[in-house]
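In this document, chain identifiers A, B, C, D and E correspond to the written order of the chains, with residue numbering beginning at 1 in each.
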Amino acid sequence: MEHSIAVDIAFLLLAVLAVVAGWRVFRTDSMVRASFFLLVSFIAVGAIMILLAAEYLGVAMFFMMAVEMMVMALFMVMFMMNPAGLNPMMMVHQHRLSIVAGGVAFVILAAMALFSSFPADPLPAGLDPVHSLGEEMLGDSMLIFESAGIVLLATMIGVVVLSSHRGRYGAAEEGSMPPGLEPGGDPAGQPEDDESGGGHAHHHHH
Amino acid sequence: MTLVTLLLLAAALIGIGLYGALSQQSFVMLMMGLELILNGVMLAAVAFWAYSGAGAPEGQLLTIIVMAVMAIEMAMGFALVVAVFRGKQADTTEALSELKQ
Amino acid sequence: MELLTLVIILSLALGAGLLIQWLPQRHQPIPPYSQRAPFLGGGTPDTHAWNRYHIRYYPMTLLLIAFEMEMMFMYPWAVVFVEKGMMAVMEMGMFLAILSVGIVYAWREGVFRWQ
Amino acid sequence: MAVSWLRQLAARSRVPVFPVWGWHDDALLARLALSSQVELVDSPRHASVLLVIGEIPAALRDGLRRLHDQLPAPFAAVWLRGAPIVALGAPVQIARDDQLIETLVRTHRELMLGQRESAPRLLPDEPPNPWKGLGDDGHGGEGMMGGNPYGRPMAMNMQNDLRDGLTLDSLTFRLGPFFPLLPAGLCAEVTLQGDVIQSWETRHAALPQRLDPIFHAARQHPVSIADLELARARHHLVQLYRALHLAGLEHVAHQAVSLSQRLTSSSRLDGLRRQLMRSGIFRLAAMDGVQLDGELASHLGGPAARAAGLEVDLRTNDASYQSLGFRPQYRTAGTTRARWEQWLGEIKQSLQLARQAERDNLHTANTGAVETPRGPWADERPADGSALLDEVLPGLEWDEAMTLIASLDLRAVADAPREASA
Amino acid sequence: MIESLASLLMVTVVLVLGPYVVAVLDRLVATPTGAMAGDVWLGPLSRAAWLLTQQANATEAPDWQAWRLSPALYLALAAVGLAVVPWSPTLIATDLVTSVVLWGSVEALATVVIFLQGWSANAVLPLIGAYRYVALGLSYILISMFVLIGVALPAESLQWTQVVTAQESLWNVIRQPLGLPLFLVVGLGLTFWGPLNLADSTDLAGGTSAEVSGPSRLAWELARAVMLVAFSAIAATAFLGGWLGPWLPGPVWVLLKTLAVLALLLWLGHRLPRVAPERCVTLMWVVLLPLSFVDLIWAGVLALWA
């Protein structure tokens, strides 16, 4: 595959961006920032994919990861004490081991990249990546495509069961009874099944 | 931009991700580590597709599947965290291990 | 070339956005603390506003992630839709059916209501 | 050169004004809202002039000082009908109401052209709490949640028992006295859980409102029913203006307030009503959430009570009204929506009554008791209802709560009537 | 090369003039009687000048980088939107094979940027605005995708130029009658305009921009205006046949159609009340999303039948 020097420069910048942003994820106090650093890392990789002529995958990376990281940030905010990192902190365990493991993984993978030889078989000219992907999905890999749909449906249902407040199935129901706004108070703000909650007749709409 | 440089970048991302996944106590941060690893994997898949797969559509498909795995991992992970949180009021990985019993 | 143009446009806009903010302010001192207190109509907060916030629509966000993944399959599908004809229609039927089941189920469980 | 050119241009902009109402005055509000040279803003950050109207009670002056300091430079404070609070250099005071717009424009112009110094800050430049930095960038306090990073403690979970079974923090702050969406003077300590109000404690009641002199006159001697009803319609229209502004329907809000200024017995409400219905506001906004039950509503009286199904209206006892065939309108739901509909219905009814009464030149028969737009005034003036919020608001989402507050007239009636505006 | 430069110039001109046009049009739409006619032409400029004169506000411990970056990033996203608009068959800045999806990404990333704007101030009212907006942003994104896929079906491509070419016989606004209305809802959400202004709403005293003043506020408003223009241009491309039209050159047609969509958006913004945030999510998922399914099925059946 031929490409100009501009592509090389762009790749270099994007590669540095991807790695630095990826590193910053674990080195920032603000959890929200951490998720958006990860987003930056993904976007950089997506841009590299576009440079590699995988135009659909690269762009898909943008919108998929924008949404995923947004959700990630939301959950950060929900679950982390000090989500903005106003107090510096370091919530790590097995720190040394992890650094070593990360380093070793990099060295092994890098060595594999450097010392094994891969067949040079670039993209054929005139290939339309999006079209070929569509063909594949509706052709040979139909089964994968279909099962992915089913798995995602299962995920949807699983997610709803686990996280929904009003889930009908045991575990999720636990603790989902709104305990009221004051300790020991009546349940409050419950939309449907508690019309008289809180002593005065207010209820959420719907 | 060659296959080797791309793979080196992927390796770096995987390395950082592995560090994060192993070291972070918080479950949400741990997931970020996993995502970073998958980021590297996707990059490697696309790099192979572009440089030594002759544009076989399976390369792209693999990337999409990795992305799907990532989405499922995230959605289920968070749903699980919510469920655990309701009971345990904590989000560290230690709390998750209690769930197994 | 296209990408280069895109990068130029992107950096132009980004630069303009930053310059508009930076140029008029470069010699201004940071405002005093009395100005920096958050606006609450003359009231004061006890604490910082950043907190573990109750995002009451979170089940919806999880559903969205799974949903969006399906959408990712649909874009390439759109390109070959006409070519593949009936098969693509069946495919679409299946996808929309899955999504509809997902929505209906989630709706019944009250996912779209804020907790 | 470039700078002066920019400032010349800036001096021509509409004057962004953040109003603080010590004495509320519908006519002044209408004048400000209708002026094409003034823009009323909701946040002091968006204003260049702080307009203080009337005397601010001593208890609220701290709030005013804080607010004063929150305007970004260059800004000025303009005082109408009241003395500036102390420690101010070169305050702008307006003697007469009709100079209001003119003075606002001139002050803004002077500020922009650099002919007037930005007003000095009233409070010391120091963080609310002492803090000492820790950490790599010297930015935090101690421990994960301890200390006062940047001079404020971290938001913390004060109560274990929370709605969703998740441990989430609550935010406590004091809102008011001059939060634009609350009646002036109302201060409350609010605890938020996300965007849901967990608790609401009213700390300072809303400042009393001064009604149109005709409602005071009606207790002394018979007054023209036409004038009385027009004054009532005007009052409701201004209330509607606030609620519409909150709902984001600036266009209709503008219509409401302009109608209130040129209201005669031949005015029609139909155009406004049609626009409102067409906008679909009753379907899109959260208006059916909270029911104000009869007991709570009866404390407030007036349209709020009638919207909750209480058929109470002093006008029914008045022989002249009886001769007009007056029957009080009422709704049963007691929701925000019912109160909106009640307003619309009462404005329409008032216009109708005014038309009939004008024809026969009718005057009120009872003088002891008058039904003010705020509520019945027989032996006692309608009292403040701010405390009601403590009971109603907890559990509501912020938007819903603000919509609810805008649909209630909580202010007491002051003993003095409104001054005739010059 | 010449084409690239010309398209670059085109985008820059729209970037610069767009906000002014939005401001003027908004004033004209808001007061149809012409009550403030004198203010209409100079008003936007003098307001901008005032904002440049005003000091930028700070809060006690804001996330400085994110706070200053978010208006610039929002502007940059809007510019990317403009870059994928084809002004004529050849006059287009970025004619990516997947430019339709790129626009989808702009919509998704806008949510992140608007969230950051509210989050960074570290004040409660902007924070509520930010979280509310995310609920909206995560809801409209799916509708947008279905509508965009519907548009891509007859074109058999994810490229805006192809989408326009496919409309030569019939514009999509007629072929897919549900598409444009649904897409307009997305536009209102994307620019938090009018009924979907959950981010900067009145009940939060300005929401995400409650604590923003001076040049930063100007940048934010500029970015929002450019986003309105970019969205209108995309809507014109997707549904109104882009450069297609008799007598006039292509770019002029695109501009005219963009103005039409823009005026419609601004008008809607003034005529509709703000939707309650809690109701918004249900509305999007339970009403509008199924409608977008119908739109897609309709588009699919028609594409096969044609």
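Some observations on this one:
In this text, contacts are C-beta pairs under 8 Å (C-beta built on N, C-alpha and C of every residue); 3 or more make two chains touch, one makes a residue touch a chain.
Only a predicted model underlies this, so the values are computations on that prediction, with no experimental measurement involved.
Shared contacts of subunit A and subunit E, meaning chains that touch the two of them, come down to C, D. Taking each chain's centre as the mean of its C-alpha atoms, the one that lies farthest from the centre of subunit B is D.
Distance from subunit C peaks, on a Cα-centroid basis, for D.
When every chain is represented by the mean of its C-alpha atoms, the one lying closest to the mean of all protein C-alpha atoms is C.
The interface with the greater number of C-beta contacts, when A-C is set against A-D, is A-C. Note on chain placement: the centre of subunit C and the centre of subunit D lie 34 Å apart, centres being C-alpha means.
Taking each chain's centre as the average of its CA atoms, subunit A and subunit B sit 8 Å apart. One finds 21 Å separating the Cα centroids of subunit B and subunit C. Inter-chain centre distance (subunit B to subunit E, centres taken as mean C-alpha positions): 33 Å.
Along subunit E, residues 52-53, 55-57, 60-61, 96, 98, 101, 119, 122, 124, 131, 134, 138, 141, 158, 205, 210-211, 214, 277-279, 282 each make contact with two or more other chains. Chain contacts: subunit B has residues 64, 67-68, 71-72, 74-75, 78-79, 82, 85-87 touching two or more partner chains. Multi-chain contact residues of subunit D (touching two or more other chains): 43, 45, 72-73, 127-128, 149-152, 154, 162-168, 171, 173, 179-180, 193-196, 286, 397. Subunit B contributes residues 64, 67-68, 71-72, 74-75, 78-79, 82 to its touches with subunit C in the complex.
Looking at the complex, you find that subunit D touches subunit E at residues 6-7, 9-14, 16, 36, 41-43, 45-46, 48, 72-74, 112, 127-128, 149-152, 171, 173, 179-181, 192, 194-195, 245-251, 278-281, 284-286, 397-400, 402-403. Those residues of subunit A that touch subunit E in the complex are listed here as 30, 32-33, 36, 39, 50, 55-56, 59-60, 62-63, 66-67, 69-71, 73-74, 84, 86, 128-130, 204-206. Residues 6, 10, 50-51, 56, 60, 63-64, 67-68, 70-71, 74-75, 77-81, 83-84, 86, 130-131, 133-135, 137-138, 145-146, 148-150, 152-153, 155-157, 159-161, 163-168, 191, 204, 206 of subunit A are the ones touching subunit C in the complex. Interface residues of subunit E, counted against subunit A in their complex, comprise 61, 63, 66, 96-98, 101-102, 104-105, 107-109, 111-112, 115-116, 119, 122, 131, 134, 137-138, 141, 158, 278-279, 282.
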